[in-house]
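Chain IDs A, B, C and D follow the sequence of writing; residue 1 opens each chain.
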Amino acid sequence: MSNLLDLLVAGLATGAIYALVAVGFTLLWQTSQTINFAQGEFVMLPAFLMLALMHAGAPFWLAIILGILLSLLLLGLGFKLLLVDPMLRHGVLPLAIATMALAIGMKEAVKQFFSAEASPFPSIVPAGDISILGRVVSLQSLGVLALAIAVVIGLTALLNRTSIGHQMQATAQNPTVARIIGVPVERMILLTFLINAFLVALASLLITPIYLAKFSSGEVLGQAAFIAAIVGGFNQVRGAIAGGLLIGVVDNLAAAYVSTQYRAAVPLVLLIVIILFRPQGLLGRPEERTV
Amino acid sequence: MTVKGKYLRIALGIVVIGALIIVPMNFNRYGLYILSQWAVMTIAAMGLNLTLGYAGQVSLAQGAFVGIGAYAAAIMTTQGMPLIAALSVAVVLCFAIGWILGYPALRVQHHYLAFVTLAFSTLAFLVFRNEDWLTKGIYGISNIPRPNVMGFATNRPLPFYYFCLGSLGIVSLAMWWLIRSPWGRAFIALRENPVRALSLGIDTRRYTLMAFAIGSALGGVAGTLYAPLTQYIDPVPFNLSLSLDLLMMVIVGGSGFFFGPFLGAMIAVLLPEWLRFTQGYYLMLYAVAVMLLLIYSPTGILGILDRYLAARRTKAASALRAVTKSKLETAS
Amino acid sequence: MKSGIFAALLLVAMSASGAFAQGAPIKLADVAELSGGGATVGNNWKNGIDLAIEEINAKGGLLGRKLEVTHADSQSNPGVARAQVQKALDNEPYVLLGPGYSGSVKVTSPLAAEAGITQIMGGEAAELTQGGNKFLFRTSFGQQSSMPKVAKYVNDELKAKSVAIVWVNNDFGKGGRDVMTKEFAKYNIKVAADISTEAGQADFAADVSKIKAAAPDAVFIYLNEEESARILKELKRQAIAVPLVGETTLVGQKVVELAGDAANGARGHVGLTTDAPVDLVKAFREKFVKKYNYVPDHNGLKGYLAIYMVKATTEKMGKVDAKKFADTLHGLTIKAASEPGILMDVTFDEKGDIDRQGFLVEIVEGKQVVKQVLPKLN
Amino acid sequence: MSAVLEVSDIKKSFGGIKAVDGVSFDVQEGEILGLIGPNGCGKSTLFNCILGQLMPTDGEVKVDGKVVTGLRPSELNRLGVSRTFQLLQVFPKLSVRENLILAGQEHQGNMMSRLLGPSDAGLTATADQMIGFFKLDHLATEAAGGLSYGQQKLLDAAMAFMGGPRLVLLDEPAGGVNLTMLGDLKERLTAINREKRATFVVIEHNMEFVMSLCTRVMVMAEGKLLAMGTPAEVRANPAVIEAYLGH
């Protein structure tokens, strides 16, 4: 029983990481039908931008700020203008393929211009463990979980309480109608890309001390976040959070009670079952729009 | 014009086929290996092109079927059975599994279908890796023999290349037949407008499952060639990235065009090789090239050609109209 | 008169070819995992090779000729490795270097053997040198020679009766695990938990809680450096106090750097390590860090050594002769005193396996401390 | 004369809203039955229930005396029930001839023969006849997407006849078609009705078109059958006038 609790806590800690990456995924899908296969790499890159800035002599706090700004520029604005915009109206697939190519390109660039080695990354959350109900949990994991929750609350507030949020929701639900009633659809879509870029930069900052800065670290993250997003509900922010936490826990329980060799299979089977019997995901709403 | 176009196309076809047979004769072993790889990947991509390009069903599991075929070939031929037996097993097995994998397509479409097949692809990889008793797990299976085809040994690179090319030829002919047959028309109807297809008596369920099953079986065919090509297989090449690569080949070549997979496989197999002179930058450049191509033409290489031909046709048509009009004007 | 002209022509021809031999670089071909899952392995290997070649060329080359290497990327995929080795062999290199993944070695070694080209590789799987291939050489201990030393240590020194084995599920990890399981069986040591993990895995909570449940006397950890660091952290978090034993990848400097405090107490057998208490190795490490700005893992050493194997063998033959290379290297002992680049005395046997000094080390306060030197066998 | 189609007490509701509320009628062989009613009165839902696109909540559909409720559209089609859609539904990338062959191919042979047999399923002659019949002669090899709207509408209708159906349900065949084409269409439909003894049910808003084409007209309002009779009778029915002109 105590073992089970340990696993749950550890699973939630990892799940929070997946959740954080998955949120951006769902945002991009909602407003622009972009399936971003490079989402994992999007989380990998900001840490390297910050490391590069620190190598250039910038102090940590400045590197963080500049790193986030660069992420907004490259992963938000640049990604949207250069890759998404020209391809969006040609359907989901070519763009999905292009993001796969982007993922390869980003990995290779980091490897070539930085290093194939894993580098340690300073943590903004103090390293160390804390005891909760007798379970030892690392402060870093708690930091990730706290941020994930803050992101959901923040985003939900933004979407439901502010007029920009309402406009974004209108854009997501039906861009044609939104345009007719005067929503600046283009600007709203751009905004989601910027929010995604900001989120991945934050995620990078929190996750990299745990995962280490490595060119390939996005592969595992991207796929886990992908599964989390679908399981939770591809079109709901809180769905992504729930999916992330669930996948983290299920993964740990599977490793402990099913088989370590097949631990990766359990979330996938869950994914298949959910798609077949509840395709909108656990917390998602049925899609009204066909793509 | 169409008659002239037809002769032109036949002539071009003969030149290309002739070149594929004659030019590699003085290639070194590496060149032949790469070309053989191209032929094998083209077959797998053709299967996916049927499922995705013609019938419109997204599949991210084609790499898993190549794996199933490769393992069937590796396991059986290292036990002394002939490759043709392995081929039959692979085709039947992939057809059956593809058929089953098609069932989700009856419930969900588009990206959801992509996710289900993606999950299947990773599950297949785990089975290849973990079931040591069958697949020898991560150690892989080595010393896979190359077959004797009608009494000819294909151990040397050139005969084996011809074996791959010949297989590609047979598959292409079969595919051409299939696409032209009422089945091919039904697949296209399924992709373009399933509701209308249904109202015309087309059993969309059966055709959907068939598209999956046949496409997957072709993946199996490619796999049975892949195993004797590399003569060693382990689970790693058959992970999700192969499925994604094959998808990339289909989209980049031109999804739903007969020759799309040929060109797509060429880009995916040969372009990185051509770029290797840039050393550490070659995969980066490859990625950039793919992105630029897709930005320029999201419908792939043949999409460019298609647009060009369509533009010319419109121009010709408007020219014709202009001529008719001026004639009318002179007449009046 | 006629013969005079002929002799003159012959002289010209000979001197020309001599000059050609003097000037033409010696071509080496490297095929390694420069991208994909093994990119860290391959890039270390490549950097080691480049460093060694730069040194040799700076000192006037090998027998007066420059060394030249082409690097090709196998993408960590055996099929691509085969193509690249084929390409390399088509250009008739003097020696083929790499690959590092055992699967890729398996698919390429028959090609090199068929071409009669010596292959110096980084793979550690036991079976690679068991097939009677006369052209294949290791740069490090195969698992069949390193694992028994660890098992002996677990039995003799730790007196463990039951162990948990944690391994990474790729050919490196599985190979080590399989040899180790057999060795433990010889000592009647019970395997209390047999835990496979994934490459790139970040969360080891479930794995460690399994170890905890099994309550073994010792834990044998056979993962890559980054995963080693993560599991060490988790072991510390879950307060597992039994001895942690491993190989180079558990006790390397990289792991200490990544795992911090959690690495303290980890111990293991180290065949090749940049932390070895050998002056030449320390000097190598300094040179490497200076050039590449990071501390190499054992793959960096392997690549470096591969080149010095080429140098020592060629100098032994006194000429550049690809056909005789493998024969010369079999049974050859290279002494660090006469060839400093080899770093430690080493002997190659008839199978292509190596014999060299090894170390048993423990991490004490973030530093590798050598507990025991395992001498070279002969 | 026997009933080709018998519809009895069809009901269909969407989450409490009764779109079709107990409609019954028969269609006799050779008849052209018009179905009219204001927008949202349940005409299209009724069509979809008859054709297997929607599963009716209650009620029964019989074709030639055989119960077909719940059969899939493709199965129904192969029993000789054909349809067109309100919106254009041709396959734009296929040629006119290919569209027609596609529309008829599933009525020829079996799956095996459609795979191994001739690529046109032996339908080129039939298709060309149909092309001639609908006056699309010079367009046989053109891509359907390149045709004018009216021509596509003709093709759409022609496709419904390729399988040699006993019963054809046409959903707003005249919608968006210009006057000249409309005359053509009416004439063609009448001709095919006469020559092939095909039975029609036609949903249409164009009163002129319905009244001149149909032998009998049925009026729906708010999910229910409001009136049924010859064009003249329906035109004179006060309830119909009420429903159309509103309160």
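Side notes on the structure shown:
Quick note on the criterion: a contact is a pair of C-beta atoms (placed from the backbone, for glycine too) under 8 Å apart; a residue touches a chain by one contact, two chains touch by 3 or more.
These numbers were taken from a predicted model, which means no experiment stands behind them.
Common neighbours of chain C and chain D under the contact rule above are B. Distance between Cα centroids is largest for the pairing of chain D with C. Chain pairs A-B and B-C differ in how many C-beta pairs are in contact, and the one with more is A-B.
If you average the Cα atoms of chain A and of chain B, the two centres end up 32 Å apart.
Here the CA centre of chain B is 39 Å from the CA centre of chain C. Distance from the chain A centre to the chain C centre is 37 Å, each centre being the mean of its Cα atoms. Chain centres here are Cα means. That of chain A falls 50 Å from that of chain D. Taken residue by residue, chain A touches two or more other chains at 108, 111, 261, 264, whereas all remaining positions touch fewer. In chain B, the residues touching two or more other chains are 129, 280, 283.
Annotation for chain D: no residues touch two or more other chains. Viewed as a network of touching protein chains, the structure does not reduce to a path, ring, star or complete graph. All chain pairs in contact, by the document's touch criterion: A-B, A-C, B-C, B-D.
Here chain C touches chain A in the complex through residues 34-35, 37, 39-40, 42-44, 169, 195-198, 200-203, 205-207, 209-210, 212-213, 225-226, 229, 237-239, 254, 257-258, 260, 294, going by the rule given at the top. Interface residues of chain D facing chain B in the complex, by the touch rule stated above, are 51, 53, 72-75, 77-78, 82-83, 85, 89, 91-94, 98, 101-103, 105-108, 111, 114-117, 119, 121, 159, 162-163. Per the touch definition, chain A reaches chain B in the complex via residues 35, 37, 82-83, 86-87, 90-98, 100-102, 104-105, 108-109, 111-112, 223, 226-227, 230, 234, 261-262, 264-265, 268-269, 271-272, 275-276, 279, 290-291.
For chain B in complex with chain C, the touching residues are 28-30, 33-34, 37, 129, 137-140, 142, 226, 229-234, 236-237, 273, 276, 279-280, 282-283.
Of all the residues in chain A, the ones that touch chain C in their complex are 3, 6-7, 10-11, 13-14, 17, 107-108, 111, 115-118, 120, 127, 129, 136, 138, 210-212, 214-217, 219-220, 248, 251-256, 260-261, 263-264.
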